[in-house]
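Multiple structures are listed underneath, in structure tokens.
Both complexes below contain chain A, partnered by chain B and then by chain C.
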Partner chain A sequence: MSDYLENNIQEVAAGQLAAILQNNGFNVKPQKNTADNIEVIEVSADKLVEVATFLKMNVDTHFDILFSVSGIDAGESLIAVYHLFSTQFKNNVILKVWLDRSQPEIASLSQVYSASNWHERETFDLLGIKFINHPDLKRILLPEEWIGHPLRKDYVMNDSRLVWNKR
Partner chain B sequence: MQTQELKLNVGPQHPSTHGVLRLVMSLDGEIINDIEPVIGYLHRGMEKLAESRTYHQYLPMVDRVDYLSSFFNQESFCLAVESLAGLKVPKRAEYIRVITMEFNRIASHLMWLASFLLDLGATSPLFYAFREREDIYTLFEELTGARMMYNYYCFGGVKKDFPSGWMKKAQDLCKKMPKCFDEYEAIITNNPIFLRRTKDIGVLTKEMALDFGITGPNLRASGIDLDLRKTNSYSVYNELDFKTCLAENGDSFDRYIVRIDEMRESVKIIGQALEKIPGGTPEKLLVKKTNCGCKEESCPICGFDTKLTGKKIVPLAFKPPAGEAISQIESPRGITTCYIVSDGSPNPYRVRWRTPSFSNVQLLPELMKGKIYADLMAIFGSLDVVLPEVDR
Partner chain C sequence: MKVVITAIDFLYNWARSNSVWPMTFATSCCGIEMICTSAAKFDIARFGSEVFRATPRQADLLITAGTVTHRMAPALVKLYEQMPEPKYVLAMGACAVTGGMFENDSYSVVRGVDRLVHVDVYLPGCPPRPEALLDALIQLQKKIRTETILDRKKYLEAHKPRVKLSDDSELALPLDELEIYHWGVQTEGYELNKDVLTRKNVEDNCVRLFGK
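The block that comes next holds the complex of A and B.
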């Protein structure tokens, strides 16, 4: 595990969007940009819905499309990743929320973006992040009775149903 | 008279679900009260498989995310890896990528056209559309050796140059194509049965489309000008002249019109790219290179621009630095993004595919509420869903 995924590597100067958020009283932490210069902003779990609503409604940001909700297993914590896009300004932003691995819970965005419904179900299915206030949180890709969450790094592959793997 | 709601199951094996999709419906007579799509029958765990493979081992599997537009998946993955590792792509390779991608877009739209009209009960457009699709696939077969799973791109370029005579054949096909599109339009566009089945059916409003994260031709049919090739240009699309195809109403008919227009634009793009490609045909390029022979990086004939790959990469030693990259491209069905997190090891730490069809299926219950059962396929078919892409 590199230290890249760990929470506090170094101080990064606030980008354009992080500055807008900070000026409006949100306590967000800018992260290192992606390799293709997309802003990454760290948000605390209890402020996510407020930040997303602000980014959607504010005339300077106007992020009207939620592209995807996904997650990363970063060892000690899980990271929920939200990818927003603005059709007006044609720019992207990535929101990251660090969650406690023993109790990964976060508020659902389904009240803000309808698109998040299935994406959150998928993240719950594959990574086991629970979305509070989600209208219908159940497995989507795997069968209902599946045990474990495959995209977690500690997922055990020698499940009895996968016994054909060891020919 | 006493009536009750009927639960009806459609699929998973049903001819017009385009793959393996199950729909659980509650019907009131012929009116659909609710639909619950059940997906996951084609889940292959693409994202998990990436964790146990190196970047080069994962590259051929990427084709299988969406089998109808393999080149786009490869482009999406290659773009992300290239920005992660800081690889530069030569101009000639970029042009080859654009030509193959746009041909692939036409082939994918033709497949959609054929199956959509088959859903509506028209059999003959299938034969017309597959005639041209066959021409395109023959070209691909000559170029890559495969008809559907090409595995042709590599990190920093493409694997080989056009075979001799390929560009002439491609140009001939480009000249032929618009006439074929006229032929489809003559059969379909003014057909009264087609019009009654699609006009004002399945209207997708702007607000709804944005709310559900719909992209691609479905979004443009609702009148929102979002084409990543124009707005957030990648590859060499900013050097080519084409227009974004838009419609206004967002019904099934508009989605059809937008796709037909897009095929015409794609033909234009290919024609320009074939003319503008640095170095010209491979035979002429070889002669020019032999005559020049200076081997300097900045030379327009034998320099970086006319190479096929940038830096040579040793697959075993390929370790992109720790970081993350996200690529966004305009695939035939919408915006495909590939999000890669690297921890500096030979295997990707996390690969995330965002595929447009996933959002399109999610929209279906919203579009179908209160409509009659006969419209189900006229609406679902027009959304252009490819099921392997939904499940990944």
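The block that comes next holds the complex of A and C.
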């Protein structure tokens, strides 16, 4: 088994995954690679589930692990970030989805990768990105009645119920 | 009568102070030092406190080893209320004393467990060494030896939780008669905070509050 894995590791050249996706009819934009040469691909919000399903099921890519869902507050927009890993080819890919700040909604990946369930709850908790079709979208780290989403840049904590915690 | 009570106090406090049973409440890295203290090298058993209980109903001492967040606060208050009287709290580490490095900007950290419950011994350090925890335990033992059974009612009054829990809320809510402790200074009547601090302002306020 280990011989098989060693013989089948393929070096993925820059832009190769985006090219595979584009050849199969997905409208994705390759972004600049990260410093440790991980490919970053911009995906539109309505195509995310299809792209992730393709990357998981295709024999040339076979990204079978989703190991992080996180988010970035980029001013006008929020960015949902997905880190995928392939145990067969030993390579990573990062999917980024730019979302409108006034209505940050994106389809949940929990039907494709069940690991995304709690990660998406955390992203919802701290950044307020709503994941449509998520089985149990509620706060995971903060108390349920918390007001606001603390990792947004414009967050100000002014909850009168927590006045006992003031400095 | 006084002689009898003093004799009873002496025996009672001697027994209690040499068998302080702590509860396992380790919320972050201070917990490692607490575990280390109970292990063979530092050996908290020399002071009669080796019995770390996993239930509040058998514990005398709550060592809050680590950061306490808003999510954890109701659990801490609930555990504290379940402990039998007389009960003691040892705030271990900078986070449990004042909030530590999360003091200024954190949205989720409680600024010291004394906002939630009455604290008997404060132990600073990030994290404190096991010797420091042993010293704090000795200080607590000294404090227990000074108590008398006549003051039990006063003691019970002082050891109520400082926040209240609600059935339909996960947040620890303020009491109706709200008391906020700012480093031991009550905000009420402390008017220096309200104005912009200039030299003249401070002088005027000092004259008004304390006289020339």
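Note that the second predicted complex is superposed on the first by the 142 of 167 C-alpha atoms of A that agree within 3 Å, B and C clash if a C-alpha of one lies under 4 Å from a C-alpha of the other, contacts with A are read in each partner's own complex, and residues count from 1 in each chain.
By our rule, a contact is a pair of C-beta atoms (placed from the backbone, for glycine too) under 8 Å apart; a residue touches a chain by one contact, two chains touch by 3 or more.
Because the structure is a prediction, the values reported are computed rather than measured.
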| item | value |
| --- | --- |
| Touched partner set for A:49, first chain B, second chain C, both or neither | neither |
| First (chain B), second (chain C), both or neither touched by A:115 | first |
| Touch count on chain A, higher of chain B and chain C | B |
| First, second, both or neither for A:36, with chain B first and chain C second | first |
| Contacts of A:145 with chain B and chain C, given as first, second, both or neither | second |
| Intersection of chain A interface sets (partners chain B, chain C) | 141-143, 150 |
| Chain B residues touching chain A - in the complex, by the definition given at the top | 39-40, 43, 45, 47-48, 83-84, 86, 210-213, 215, 224, 226, 231-232, 322-328, 335, 337, 339, 341, 343-344, 349-350, 352, 354, 358-359, 361-362, 366, 391-392 |
| Chain A residues within the chain C interface of the complex | 141-146, 150, 155, 157, 161-167 |
| Complex interface listing, chain C residues touching chain A | 70-71, 103-104, 107-108, 110-111, 115, 162-163, 169-174, 178, 180, 182 |
| Residue ranges of chain A touching chain B (in the complex, touch as defined) | 1-2, 4-5, 32, 34-36, 38, 40, 64-68, 70, 72-73, 81, 83, 87, 90, 92, 94, 113-115, 117-119, 126, 140-143, 150-151 |
